[in-house]
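Following are the structures in question.
The two complexes that follow have subunit A in common; it is paired with subunit B in the first and with subunit C in the second.
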Partner chain A sequence: MRKIGLQEVENIALGASLLGAGGGGDPYYGKLMAIGAIKDCGPVTLVSPEEVPDDAIILPIAMMGAPTVLCEKGTAGQEYKVIYDMVSQYLGKSVYAVMPMEAGGVNSMLPIAAAARLGLPMVDCDGMGRAFPELQMVTFTIGGVKATPMALTDEKGNSVIFNTITNKWTEELARAVTMSCGGSVTVGLYIMDGATMKKYGVKDIVTRSEMLGKAIRDVKMQSDITITPEDAFLAASEGYRLFKGKISDVLRETNGAFNLGHIMLDGIGDYRGQKAEVTFQNENIAATVNGEIKATAPDLICVVDAETFVPVTTEALKYGKRVMVVGLKCYEMWRTKEGLALVGPRYFGVDTDYIPLEERVKGGNCSV
Partner chain B sequence: MRKIGLQEVENIALGASLLGAGGGGDPYYGKLMAIGAIKDCGPVTLVSPEEVPDDAIILPIAMMGAPTVLCEKGTAGQEYKVIYDMVSQYLGKSVYAVMPMEAGGVNSMLPIAAAARLGLPMVDCDGMGRAFPELQMVTFTIGGVKATPMALTDEKGNSVIFNTITNKWTEELARAVTMSCGGSVTVGLYIMDGATMKKYGVKDIVTRSEMLGKAIRDVKMQSDITITPEDAFLAASEGYRLFKGKISDVLRETNGAFNLGHIMLDGIGDYRGQKAEVTFQNENIAATVNGEIKATAPDLICVVDAETFVPVTTEALKYGKRVMVVGLKCYEMWRTKEGLALVGPRYFGVDTDYIPLEERVKGGNCSV
Partner chain C sequence: MYKLGIDVGGTNTDAVLINERLEVVADIKHPTTPDVYDGILCAIREVLAASGVERKEIAQAMLGTTQCTNAIVERKDLAKVALVRIGAPATTGIPPMVDWPEDIQAVVEDYVILRGGSEFDGKDISPLDTEAAKDFFTRMRGRVQSVAISCVFSYIRNDHEVQIAQLCKEIMGDDVHVSVSSEIGSMGLIERENATIMNAALYKVAERFTEGFAKSLADEGITNAEIYLAQNDGTLMTMEYARKYPIRTIACGPTNSIRGASYLSKQKNAVVIDVGGTTTDLGVIQNEFPRESSVAATIGGIRTNFRMPDIISIGLGGGSIVRRQPDGRVTVGPDSVGYKITSEALVFGGSTVTATDVAVKLGLADIGDSSLVADLDQQLAEAALARIKEMVEDCIDSLKISNADVDVILVGGGSIVLPKELAGTSHIYNPPHFGCANAIGSAISKVSGNYEQLIDYNQIPREQALEQAKADAIQLAIAAGAIAETVEIIEVEDVPLAYCVGNTSRVRIKAAGDLA
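What follows is the complex of A and B.
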């Protein structure tokens, strides 16, 4: 158990933008909400999974919808209270703590804001270890945990409770309501007890995110002159360098509450004369170098600034920007058969078997 | 208080197909459900609005979606129980009776099936006095009654509870879920107390529907030879004859869970050489004779077989069919400013002020 204050929020937000793998929304907007809530209500208590009683009720809180919409539409402020009241009334039980369901992107920040405003602790755990575009894509689905009862509310005051036969149906119905509500809403889902959280959750992910953020911030200040900032960044993040290049084309469209598209890259430095492509569906889902796939979901494909190593979300991709493409290993549960059925490359329309990142890069000019 | 058995269901269904004004779905499928439920569970008790205590909870039950989808997709049977349980649990109160919200079309029948299966009485009242395509189009909206909390369930077992800021928002969100569920679902909405039902409802509409059905059935058996069957039908239904003709063209499309389209008519008999058009959005919304509008929503525009006077729903409109177009006056509350804002011709895209049916037909060759 420890406190999350303003400095911690800054680092978690930066780490979350790396774990977002290009998606999950720029944490910046969520960070403002978390900072506002902490200034109003004081720091948030972060509890370790092991500190949570087995029978305690955990309420994961998230935004659902297109990150680009979220940035413009915003929230009204009362959403967390509405979700909390809906869930408490529906279950007839009190909620012990909130939790992120998605450690990557803006959804890393909203549970902090919710915890501060509701006066509840937040659990150091999530259901992805990164960001994913659909709500059934969580480790809890592998564990057979139901997404419902799920509470949804918009900034206007409309609210909905779902009970569905599968988590894919939750996604279908909640996505339809999200679009009707204007493209982004606040949700409470995968309400579970402490025992379930400990069994299937990605533990200590908030702390890992904070460490990653701190590493990016510190990389240029390191005193060891025998190592380049780039190598220091790759060592701290345990990342694989897949490509370095200048963005030569960006294709982006908002379709069915998703941001879809790709970027084309012309190599720079060691990669001069080479070409790469990164495709995304909210998150980056495949990286191809010289026509050869170097990484696919569920491994994390992160596009970072070539000089500062600050992660670039898909919304911020621009022609001419110089970036490095980095691969990070996904949480081990995603590499099981059940995990790959949910978030493997074929689910996203990439016609290849999943091969772990570290095997794809072997023998190529990628480096760890 | 009286019993609704198989013979009453037959007459109510026939009357409901006239009150459906072409829409609301062919009551045939609903009739089979009502008959099945009465055979399984016995006749239904129909209670007059005045017999209902002011504080009793009334649960209107309906199908939401496109009638053409409903006929093919069907229901699983457990829906009424699911809705009843959701509402009882949510309110923490027991339901006194069910009620139709829409006396026209298939939604006249489903509350009978629900009442039989749930062992509850049904109230002789609705919120339209006809059929309309959207759920906020009820007299209760004029009275400021909220459509929510609204319960929705599909035949697969998914269920949703809505709470919205306006009844138009209920329509938006529930329609989105209805489409995601395949185009038709079962709903419980406008849950209200007896006092509210008595204040804003269209009272005794089930009895009127039954009387209309009986009149259509009896019209050819009447013994008064001084009056033609057609005149007998118009007298019994208090209908205005707008046109008689042969259908020369049918345009139909399913769009956003609605059936949209129009029919063109070539006059027969007294109308030979004349042309007419009836446009519909689930229900018939405007009738034009020789380029002049003769009737618009919210008045009822009914297309009936030219010989048998059996109403023809929009799904059953076919090239070559000989029909009579009949206008019926709508419930008086629809003719107020508030009523016309909800269901006036302009809401349906017909660019004309509302003029009551009986004034539009004055001086023309329409007859009562």
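What follows is the complex of A and C.
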């Protein structure tokens, strides 16, 4: 158990934008909500999964909708209380703690705001270990946990509880309501007990996010000249350098709700003369260097600034930007058959078997 | 008729005179003075003397100044501001200024968050609460002279902002300065609100420098000139506009330098390298305008959605110190002898090896006493030049958008230290008057109009929507003072938005034209 204050929030937000793997929305507005809540209500207690009783009720908190809408409307701040009351009343039991469902992007921050405003602890755990675009893409789906009952509320005070037959239906119904409510809402979903959370959750992910954020920040102040800032960053993040280049083109297309496209890169530095391509569908899903696939989802493909290592989201991609493509290993459970069925390369339309990042980087082809 | 361009920098105040054919008649540099008007006055006198031009013949005078940036960074001369945010019950989870540095939060005397604002599709979030606005303005009357108004989705629907601005003038008086967010920033309520608060806080600074500039001109007998201020997108605004939108002057220096380089070399697309005494700034000119940076601009610790030119700065200049390291490598900079170059460099009788000494030794430049570098190790000089070449080539490559070679324009007093050839470039231009590129940049600038909206292409076909948007941008440029026949579209950005209903894109268009 430890406290999360303003400095910790800064680092978690930066780490979360790396774990966003290009998507998940810029955590900046979420960070402002977390800062606002901590300034109003004091620091948040972060508990490790092991400290949570098996029968305790855990309430994951997230936003649904367009990050661009969130960047105008923010939240009212009272949404968490509305969700807490709805859920407690529905279950007839009180909620023990909140937790993030998605540690990557803006959703890393809302549970911190919720914990501060509700005076509840937050569990150091999530259901993705990164960001993903669809509601059923959580480890808890592998464990058979349903997204519903799911509580949804907007900033105006409208609220709904969903009970659906599949998670796909939840996604569909919730999106329709989200649009009617103005494009951005707060939800509580995958409500579960402590035992389930411990069995399927991605543990200590908030702490890892904080460490990643601190690593990026520390690169600027690094005084050890025996190691380059880049190597220091890769060592701290346990990342694999896939490519370094300059964005030569960004090809975008829209397909329903998603932000799709390809980032074309021309090598710089050691990679001069080489070419790479990163395919994204909100998040980055495949990285190809000189025609050879170097990483695919569910491993994390992160595009970061070549000098500051600050992550670049797909919305901020621009011609001429100088970036490094870094691969991070995904959570082990995603590499199982059940995990790959949910978030493997084929689900995203990339026609290849999943081969773990560390194998692909070596040039191996040991598929799972 | 002549144009007078002035650029007030940290070290020097530059002045240039340009004739009707846009040729440089005279350019001078004068040290910047603590009270900038003394420096401006002296610079004007010197450039008039150097050119012999009649004072009456100056028809336009343009000023580029860093005073707004300095006021924010140094927290000096900022006015107290009352803030009205429209959008409750949305946004109340993020209080205003929540992540501002503490030492600048006091510029906001008080704030209120009113019910109102719109959804992304133009529907009301809630009806506008004018009663609460009246109470707030009545309380603020006499306490502040400047009001900032922000509103949720005001770049889609600005009527709530406009209505509250009118109410503000009715209650607080016509002379109160009102800044409205839809006119200041773009998407992202908090960054737009931050920029609006800063704009409101800068009104006194803007009043002082516009009046000060007008007075310096009048004192010098330049009474027929229209006065303009340089903006950070490479275009100009009138004094009246500058008083309304002072924040638009921020970072106009590098912008003007890039535009000036483009003009002097007659190149519309190139990489511009501005080498000073200590640092080198590299930027890109695209269709005569600087390429903008994609990252949010943070000014004085405050995040805004102000757009800035895309600039790389490295520690390389005429005064950069050259050293052989213990491992045998030769390094250049990042430290420099700076303004002491005239006493510390070898060619001026000093004892420090600088980039300028290397250039003289290798015959690239003729400065100071070349006999003083006769004993300088030839190998060291060659290694230093190779290092300089590598530093600059890496930056050029980083700025390029494809592997194709680019043209390069060299400006700035320190550019003599660069080699004659650079990899990845097709042509290197060394224009005349290269030392005063920024004052020239402000003197030759155009005026612009910016259009920004979310458009659903399922509602309006893309072609038709873009045509209308371009027409609107052109009208905005004309309203800002451009001659209609000269207005051109200079930038079109069309980014599809995830999750939005239908087929919605964010469309941003900029048009610019010549001054009347």
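Convention: the second predicted complex is superposed on the first by the 350 of 368 C-alpha atoms of A that agree within 3 Å, B and C clash if a C-alpha of one lies under 4 Å from a C-alpha of the other, contacts with A are read in each partner's own complex, and residues count from 1 in each chain.
The rule is short, and it goes like this: a contact is a pair of C-beta atoms (placed from the backbone, for glycine too) under 8 Å apart; a residue touches a chain by one contact, two chains touch by 3 or more.
Everything numeric here is computed off the predicted structure, so don't read it as measured data.
Of the two partner chains, both subunit B and subunit C are touched by A:M179. In the superposition on chain A, A:T164 makes contact with subunit B only, while subunit C stays out of contact range. Once the two complexes are laid over each other on the shared chain, residue contacts for A:K156 go to subunit B and to subunit C alike.
Among subunit B and subunit C, the chain that touches a larger number of residues in subunit A is C.
Of the two partner chains, subunit C is the only one that A:V69 touches; subunit B does not reach it.
In the superposition on chain A, no contact is made by A:E332 with either subunit B or subunit C. Contacts of A:D270 after superposition: neither subunit B nor subunit C is touched.
Look at A:E292: by the touch rule set out above, it reaches neither subunit B nor subunit C. Across the superposed pair, subunit B and subunit C both touch subunit A at residues 156-157, 179. Every residue of subunit A that touches subunit C in the complex is listed here, in rising order: 28-29, 31-33, 35-37, 39-40, 65-69, 71-79, 113, 155-157, 179, 182-183, 246, 248, 252-254, 257-259, 266, 268-269, 272, 282, 306, 315-322.
Of all residues in subunit C, only 87-95, 98-99, 119-121, 123, 125-126, 152-153, 187-190, 284, 291, 294-295, 303, 310, 394, 397-403, 495-501, 503, 506 touch subunit A in the complex they form.
Remark: subunit B residues 156-165, 169, 172-173, 175-177, 179-181 touch subunit A in the complex.
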